[in-house]
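Same chain, two partners: chain A is paired with chain B first, then with chain C.
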Partner chain A sequence: MHFHRYEKYWLIFGLCTLVVFLTIVGVNAFSGGHQPPTGMMTLDPTKVDQTPPFDQPGLKKVDDNTYEANLIAMAFGYNPSKIEVPVGAKVIFNVTSKDVVHSFTIPGTNVNMMITPGHVNTSEFSFDKPGSYLVLCNEYCGSGHHMMQMTIEVK
Partner chain B sequence: MNSVVKSPKDSKLSMSYLTVGFIAVFIGAICGLLQGLVRGGVIELPSFINYYQLLTAHGVLLALVFTTYFIYGLLFAGVSKTMGALSDKARSIGWIGFWVMTIGTICSTIMIILGEASVLYTFYAPLKAHPLYYIGLALVVVGSWIGGAAMLMHYSGWRKKNSGKLSPLFGYMTTATIILWIVCTIGVAISVLFQFIPWSFGWADRINVLLSRTLFWYFGHPLVYFWLLPAYIIWYVCIPKIIGGKVFSDSLARLSFVLFILFSIPVGFHHQLTESGIPEGWKFLQVVLTFMVITPSLMTAFSLFATFETTGREKGARGLFGWLKKLPYNDVRFFAPFMGMLFFIPGGAGGIVNASHQMNTVIHNTLWVVGHFHITVGTPVVLTFFGVTYWLVPYLTGRKLTPALNRAGMIQTILWSVGMFFMSTAMHILGLFGAPRRTAYSTYQDNPTALEWFHGFFAHYTTVALGGTILFIAAMMMVYLFFHLAFFAPKAENDIEATEFPIGEVAEHAYTTPRILENWKVWIGIVVVLILIAYTIPVTDMITHAPAGSPPIRTW
Partner chain C sequence: MAQLPHQPNRRPVANKKINPEENQNLKGTLVAVFTVGFIIIAMWVSVYSLFLSRV
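After this line comes the complex of A and B, so read on.
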């Protein structure tokens, strides 16, 4: 098949850019640890309230500066609807759904993950600035979807 | 009249598909306007309409119904033009497909209107709509298979009659589009038939949510290429003729279509990047496969601009960019698709952000994605289809695109472009600030973060509403012009006046086309292998290590 000379240059340039780009994305993901949220834990979505750690939802201290937030998403809110976190703390969010698909999204941060029933999704974030952070659901979940929110108070 | 319209019977079939498509635009655009106004805080809906009901109707009628019907109307007309009138048998099958699709569309639309299916066009489980909604959607898909089979029959009939000859480019590209469509819709058909329908009737208690989402996105990404490929057919085959040039290279055009089939299907995980239950390695593999689609995209861009430049230079253009001045910007048949191409530059770049493994987290499910959707499908594809309407409808009905109608088309195109510029820019910026998509008006109890989305100029929901209103005017103009061109535009009295179906010829310097490009067994074989590599292990895992499924839930 014949390629025009300029088309060859164009495609070679494009493919080289692609290789460089995918290498950066790949190295970032697999050696930099910048992976998209990918929780692999599963549970029965009809028995969330009885399954640890979601039988006692809320914030749990893991060590000096690390906390675990085990939260339940449901139509149309989160349980608990408010948590308090000390400034500078690293928080690991473990979130599952009791009913339909939701999301757990903190605008202005890189925390943004789908919450599918039957699965636990995980993301972590260090809150270095004090303030009140809005958490919202950005996956349609029913007539009250636009009301679904919680707050994280960082003090 | 027969000298003007080649096969009146085929034209009638095409016009029927197009007419349903534009009725869908009429209703879908009204829904879109209302959504924009609600979201911007301009109006409140009466209590008997739910925002998410409008959203479902908007998505189903515009993204699924309009596109599919328009594409079938266009492709039937094109294969009839380039490969001769359909046999009576193929045409009858085309009609059966039309009616099956239409019964399905009516069925699903009624369920949406009754408020029994406010689950959006992606119908994510375990939101449960009325079973008739799923059955309607299944009929749309099955009807499209039947109609597609008619076109494949016509193509293989042509090849039997003309053995040894290269098929017309239009017919080849139509075949590629239908093959892509059949391979990808198998995924959603399996999900609807074996998961959603039994579960919505109550015959199955629970549904495997992750599997249903994966099957949906196995279909959902190639779906966008099903919209795009017919627009590319126009760009490759019809635009060169409209601007008075030649098709740059027949073989590269065919090669790019084959590559689109290969790299648009095994990539659905890039829509599920922030989802649990799919290991990172498999997500990344599909990210890599997604990016391969850049190759045929670059080929398409090169080929288009090569045609523009060659044609401009033949018309006497000088200097590095002089050819840009020689393009027929006042001809709506060129101007509308050309505006679409311009929007596709930021559209494609945004797509690279979306598919980028970890960068996706920043914009996933935000209003950015809606903006992206509207400057990919909603402008390059839709403006190309609108541009086609201005010549296809008078071609099919034996009428004329008069200078006055051409001017109306120019105004309509400009309105669409301006409206889309405001709406999509605002959506992209709001999305970067975290504004969610698929969400009614909300200030989240006057939360400062959410209130920021009502400040500034572009980062403002009201700008979305403004753009949406301009788009609505453009859409209504288009619907009016469609019916005007179909029923009221002046008749063409002779062959010279008749509106042409522009089919470009291949440039003289182009080289012969390798035969392997027409060997579909090879390409279908490769795409099956790629699909098996990308999906076998993770999907097996989803089934064997599935958590307890979800019972049906209605939350609206």
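After this line comes the complex of A and C, so read on.
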């Protein structure tokens, strides 16, 4: 098979960039623990209110600086609609949906995950700066989608 | 047409391979694809550094 000289340059360049991209992402995935939001837990979406930990939704202290936020997304809001965490706290969000597909997005952070009924999705974030963080749904979930929000107060 | 005696019958040379691609000037194409490549790299680097700044 014959290639033009310039075509060879382009192919080698393309292959090298691919190797560099995948190496950077791969090394950071293992060394920095970078991974997409993921959760293996499943539950019956019609029995969310009876299934622990969602029978008592809210913030739970795990250790000195780590909190677990078990939240329920529904049309058109989150339960609870407001949580308060201290500055510097690491929060592990476990979110599930009671009805349709929602999302859990904190703008300006890497927390952005899809919430599918029957599944629990998990993401974590360290709140190093105080302030009021808005949480939004960015999956169209119905007529009140634009009203769906909650706040995280970091004090 | 009658052949003149001093002019042999000219036929295309069959055993010599001529590759028309090698003679084309593809410098513009090379510059264009590398430009697109560097734009892709710049976008990838900016998006990835945005991700890293938010970790």
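FYI, the second predicted complex is superposed on the first by the 154 of 155 C-alpha atoms of A that agree within 3 Å, B and C clash if a C-alpha of one lies under 4 Å from a C-alpha of the other, contacts with A are read in each partner's own complex, and residues count from 1 in each chain.
Methods note: a contact is a pair of C-beta atoms (placed from the backbone, for glycine too) under 8 Å apart; a residue touches a chain by one contact, two chains touch by 3 or more.
Nothing here was measured: the structure is a model prediction, and the numbers come from that model.
A.B. asks: Check the contacts made with chain A and report whether chain B or chain C touches more of its residues.
C.D. replies: B
A.B. asks: I'd like to know which partner A:Gly108 touches here: chain B for first, chain C for second, both or neither.
C.D. replies: Both: A:Gly108 reaches chain B and chain C.
A.B. asks: Which holds for A:Val100: it touches chain B only (first), chain C only (second), both, or neither?
C.D. replies: Once the two structures are laid over each other on A, A:Val100 reaches chain B alone.
A.B. asks: After superposition on the shared chain, which partner residues are touched by A:His119: those of chain B (first), chain C (second), both, or neither?
C.D. replies: It touches chain B, and chain C stays clear.
A.B. asks: Could you look at A:Cys141 and tell me whether it touches chain B, chain C, both or neither (first, second, both, neither)?
C.D. replies: first
A.B. asks: Name the contact category of A:Thr38: first (chain B only), second (chain C only), both, or neither.
C.D. replies: first
A.B. asks: Return the residues of chain A at which the contacts from chain B and from chain C coincide.
C.D. replies: The overlap between the chain B and chain C interfaces on chain A comprises residues 2, 4, 6, 10, 14, 21, 25, 28, 34, 108, 110.
A.B. asks: Touching residues of chain A toward chain B in the complex: what are they?
C.D. replies: Touch residues, chain A against chain B: 1-4, 6-7, 10-11, 14-15, 18, 21-22, 25-26, 28-30, 34-47, 75-76, 99-101, 103, 105-108, 110, 112-122, 132-134, 136-147, 149, 151.
A.B. asks: Where on chain C does chain A make contact in their complex?
C.D. replies: That would be residues 19, 21-22, 24, 26-27, 29-30, 33-34, 37, 40-41, 44, 48, 51-52, 54-55 of chain C.
A.B. asks: Considering the complex alone, what residue numbers of chain A touch chain C?
C.D. replies: Going by the criterion above, the answer is residues 2, 4-6, 9-10, 13-14, 17, 21, 24-25, 28, 32, 34, 108-110.
A.B. asks: Contact residues on chain B for chain A in the complex?
C.D. replies: 50-52, 55, 118, 120, 124-127, 209-210, 213, 249, 251-252, 255, 272-280, 283-284, 287-288, 291, 294-295, 298-299, 302, 306, 352, 356-362, 364-366, 433-442, 444-445, 447-450, 511, 514, 545-551, 553-556
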